[in-house]
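What follows are several structures.
Two complexes come next, and they have one chain in common, chain A, joined by chain B in the first and chain C in the second.
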Partner chain A sequence: MPTLGFRYNTSRRKSYLAAFLVPSLAVIFMFFLVPVLLTLLISLTKMRFSFRWEWVYLGNYVKMMHDRWTPKILSNTLLYVFSTLTLFNVGTGLLISIITNHINEKVGAAFRAIWLLPRITPSTVYALMWLWAIREEPSALFNWILTSLGFEPIKWLWYNPPINWLVIIAVNGFVGASFGMIIFTAALKSIPEDYIRAAKVDGASTWQVVRHVELPLMKWPIMFVTAYQTLSLLTSYEYILLVTDGGPGLYTTEVWALYSYHRAFSQYAGGGELGYGAALSTILVIIGLIMSVIYWKVFRLEELMVEPKIED
Partner chain B sequence: MVKSYNRRFIRIKEKLSSAILYLIMSVITLPIILMYLMLFLQSISEELIGLMPTRLTLNNWFFLSDGYIKVPGTEGTFYPNFYLVAFNTFMLALLVGFLEVIFSSLAGYSLSRYKFKGRTQLLALILVLHSFPGITLLIALFYILNVIGLYDTLLGVIIVKVALDLPLGIWIMKGFFDGVSWDMEMSALVDGCNRLQAWWKVVLPSVRNGLMAVLIFGFLSGWSEFIYILTFISTQRYWTLSMLVNALTSSEYFHISPGITAVAAVFYMIPVVMFFLFAQKYLLRIQIASKGTV
Partner chain C sequence: MRKILVVSLVALLALSIIISFPISAEEVKTITITVWTIGPDPPSEYRLENFYIAADMLNKYLEILGANIRVKIEGEFFVRPVEWEEYKKKFYLAYEAGKAPDIYLTGHEDVGFLAEEGMIIPLDEYIKKFWNTTYYDVISTLWEAVKHKGRIWAVPQDTEARPLYFRKDVLRELGWSEEEIEALPEKIERGEFTLYDLLKVAKEAVDKGLVKRGLVHRVKEGWDYLQFYLGFGGRLWDPEEGKMVFSQEAWKKTLKWFYDAVWGEYKGVIWPGQFSKDWDKDFHLPITKGEALFCSGGTWHKAEWIKKGLLTEEEFWNNIGFALHPAGEPGKKPVTLSHPLIYTITSQAKERGVDEIAFLLITLVTDPHINSYHAVASAHLAILNSQILDSRYVQDPFLRDVAYMLKYTTFIPNHPKWADYSRIVFETIRAVETGELGPEAAYEHLLESLKEALGDILKIEP
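Right, the complex of A and B next:
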């Protein structure tokens, strides 16, 4: 740095520095870092709504291993994360970005805008629309369409796991697809036009351009979306809570994160166990921490942490 | 002859494949369009058969005259006044938005401009937290709010939202500050501004887009919040629209017309639609920076 006409005295500069960082660091410490530690500590207790610290140490984890619902919840979670991720977050996201990249640009942008709508719609309104659309009456939106096309109406929310899961995956997927869509579209737009024009001149069809030019260049974005959305799906339960609340029946669509919520906050039997809920959450917290660190390493985010351009 | 035939064949093939693309795109997008259409039509019809209203009416909207949602067959209501709920939602969203802008622009500036011991570690921490799912901390946050006496207050919800959104906000703002030339700021300092004045008068105006992005993100994040309200609020007086819409979702058991529920939901959507129509570039920017909720 060239010598500047004057220098700040260090203590004054430091006091500005402190003043600027303090508000953020204080709330992040108190309501982000402390909760990480507290989740771990509460998971070692039998805490209920009286907030008494009755230590059971690893008792909750032993209980988790013997919980008759653990295998069911675990397989539900894997099914939910894997299906939503492949069918929607990556699959549909990729489909939308490739198609909208090959049709009229304005129409394509309009389609992408529509897909962004579920993401910014408040979850309760979004869930309300789904719950109305899938009501069992023939007059409800989806059954109305089905019956007009000559199909039988479907009882979407009656106990029928394949149908129930279809609903849950679609509800989450129509929100989830837009993240991949944005990332993939940005990646597609960065492919030099010459590549595509050269392929077209050589007589390649749209499908061949997609298959041999675009998809190979999407490997990295697909990995990025897969990694980020796996963690998001693993820990998200808001839409499931609103649409099926883990039902119908016992834990048909209950996933790990929702199970933790229910064990801690449900008003029904099995609820109110903050300690056990925290133990279930701790598993997710640990997975979350590990994956966050991995993203940071793998996606070379530290390159973003270059030295400031300014005086020391 | 053969050649021109070939070319025409290729052109037809191109047109056909482009038609197929439009068709696929329309079919997969249709459910979204139909659901929003259904919600809107429901708000202006007596009854809805699929997408066909039996009769169009504005009756559903009349409860907005005083915000009182009367339960048919009773003299009372189960629900807090609509305008109180809307006001709560607005205040929550506004405060979350403004606090996030203020906190993250201060911290982002500091992290962009100053070199200090522990800066690298702090940036690493913020990056890791930015992809860490805050929702997993619900139980611990519930405990903390109870212990410090902020359970069942909107202030508690606001602070939690701000804390969990901040790593993203700081990250966005730091990026914007990195793009502001140091020379410009330096000349302000040479002209006799102190650090704070230079920040306020020179730096902040040139990161207006970043401030808008964080403000809109914070506002929408507060406006739509559901789980933290559901878990940290127990008094109806502090409900926000997400709680009211959720309660009205099952209101048919109390013979409240779905039309009223639809009106509440459409009203709730107004700011979202405004931002959607007029501020999409900010929304896109945030979606790329954020990890996305699902």
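Right, the complex of A and C next:
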């Protein structure tokens, strides 16, 4: 029986391809390429809320280099991205998926469902719940736990950078862990049972199974999640906005994306520096592109895309 | 039978079509004027309501005159949780989309920006038409707030004073006599009770456990805390040179005062997290429940507290006093700050050809009796000299008692770059309160940041 490919001539095939691809391409064009282009153009102006195209060309970028806050905000961003990535998005995600894979199936699934809750809760509701839990009264949730264990209550949102960062990383991490968890769980479940059985027959403990069988086979998902979540964390700012708004002190927990938002949209007296904010965002796009290229090369992600060497 | 049914159905149908056409003798033309206003405090609803009242009056005149034209107001009044930032952004985006309202209420500090961007129209010629009947009566200092580069761009809507509220019951517990408590506002007015005296009394109250906080102030960016800088003799604006001012000594002392109040000699008077953005938890409740001794607030707060049910009128008069913001040190003057709100007419109103009618409505609303609806309901102050004769206004004891404060008032600058000055000051004071910067470091930061942001629009004086 001839395969489908032989029945249709090339131009018909091309038009089918086009019909299937065009909608997604249109979406990408409208909602990704056009905004990036507009942001780039706006970054070359000193546009404010009068929406006038007053060209300053590279003026905003020069301003950025002299901005006294950009070094601190850059280091904040790197701290935020890499801590959340290692501790939660990859670390906790991996931990949850491995543990829930090795216990009773139903219980494991229930735990994973619970871990999905932060991600599906509307961000404002989620942030409000955290704000409620970290109030400084000894009777608030976390302080109550601390005092029950004999510790002093902590003033989580007073100026204390290590504590403030702990809060921010936790707030974002609890959401971020679920993405890795889903990918890693799927990867774990696709490991052929035979490998596990063979290892167990050879006398491997659970830890050895994890370390020598499962983790090596999860190399690709781990690298993929790392790359994807790095970019995702680079541009995330909404939980930081809702919980500390970059504070509590002077840009204590301010990250690059949030700084761009603040400069563009968040001025009390009504002025907003859309041009400067756009320039800050453009830098973020550039950093994202550079990181993508680095990950592509270092993780050799191209190999994920090659044709399988098995004939079908 | 069938024929009768069909005929009667057709007749019914025809009848209903005829009836649905209104039989009107003549066409009435309705002109719609759109108005946007904001509180964000709920009692300020008369900022919009007054337009309905004025339009109603106008329509009555038109009806009596037999004119076939009526005015209709389509208005918006925004209240908390909507804040000024969202309101202004909404306006800018609407303007960009060609859907700006005809009349736009905003703070006077926007006059510079709106005028230079061509979003509002100058009103000098319009005001001339009604000067002798209405506008001559506007308190003359208020015109300064609506001027930019020599032209008038808006009509004042209201003003207020920002008093220092204090709990009389706490002072009684501290051992103050009734005479001493009643005399406090005058002492402040004479400059005999300074900001450091305030810290002393507040610290005593906190140490004795009578209150949890010595002083509460606004919980987000704004202009109230500038009064401490003004109290130390600082200036914000030089009208001759048209520049914003940085008074070095005043800022040094102000930042030191804040530091002393939070971390220094008077530690515990101001709470480090005071800029929490939570109005209820950190502002309204502490002062109305007697958990704070002093409150740097506004006259409208009295109306807000009573409307929200936090205090009754009786409780307010028994337990809360109000005075000017004290001078920083002996030899300086006490102050208050006014932030007049203004009605502007957008250039899109002119394009639509309704600018004259919009101005007519604004003129009708700028009336001592109609404006007093707003002033009394929301505890804002008079904009017209004859308003103090309005029976409602003059009978309100609070408005009568705060009227003297207007002698000591100042405005913030109208300059388009005021937003930068305001933001940098807010950040710095917040950094001092949270403990991130000490007074000297904060001063350096403030000076450097303002110089960088404003360049030669900043005048630095000793």
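By our rule, the second predicted complex is superposed on the first by the 248 of 312 C-alpha atoms of A that agree within 3 Å, B and C clash if a C-alpha of one lies under 4 Å from a C-alpha of the other, contacts with A are read in each partner's own complex, and residues count from 1 in each chain.
Going forward, a contact is a pair of C-beta atoms (placed from the backbone, for glycine too) under 8 Å apart; a residue touches a chain by one contact, two chains touch by 3 or more.
Just so it is clear, the model here is predicted, and its values are computed rather than measured.
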| item | value |
| --- | --- |
| Partner chain(s) touched by A:Leu17 [first = chain B, second = chain C, both, neither] | first |
| Which of chain B and chain C A:Tyr239 touches, first, second, both or neither | first |
| First, second, both or neither for A:Phe265, with chain B first and chain C second | both |
| Which of chain B and chain C A:Thr253 touches, first, second, both or neither | neither |
| Touching partner for A:Asn60 - first (chain B), second (chain C), both, neither | neither |
| Contacts of A:Tyr159 with chain B and chain C, given as first, second, both or neither | second |
| Chain B versus chain C as contact partner of A:Ser83, first or second or both or neither | neither |
| First, second, both or neither for A:Arg68, with chain B first and chain C second | second |
| Chain A: partner with more touched residues, chain B or chain C | B |
| Chain B versus chain C as contact partner of A:Phe51, first or second or both or neither | both |
| Residues of chain A contacting chain B in one complex and chain C in the other | 51, 265 |
| Contact set on chain A toward chain C in their complex | 49-52, 66, 68, 136, 155, 157-159, 245, 247-250, 252, 265-272 |
| Residues of chain C that touch chain A when the two form their complex | 84-85, 88-89, 92, 96, 106-107, 109-110, 113, 117, 119, 220-222, 272-273, 277, 416-420, 422-423, 426-428, 430-431, 434-437, 445, 448-449, 452 |
| For the chain B and chain A complex, residues of the former touching the latter | 10, 13-14, 17-18, 21-22, 24-25, 28-29, 31-36, 38-39, 42, 48-51, 102-104, 106-107, 109-116, 119-120, 123-124, 126-129, 131-144, 146-147, 159-160, 162-164, 166-167, 170, 175, 178, 182, 186, 190, 195-196, 220, 223-224, 226-227, 231, 241-243, 245-246, 249, 258, 261, 265, 268-269, 272, 275-276, 280, 283-284, 287-288, 291-294 |
| Footprint of chain B on chain A - complex, ascending | 4-6, 8, 13-14, 16-17, 19-21, 23-25, 27-28, 30-32, 34-36, 38-39, 42, 47, 51, 84, 89, 92, 95-96, 99-100, 102-103, 107, 111, 113-125, 127-133, 139-141, 144-145, 148, 170, 172, 174-176, 178-179, 182-183, 186, 203, 205-207, 228-229, 231-239, 241-242, 257, 260-261, 264-265, 274, 277-278, 281, 284-285, 288-289, 291-293, 295-296, 301-302, 304-305, 307-312 |
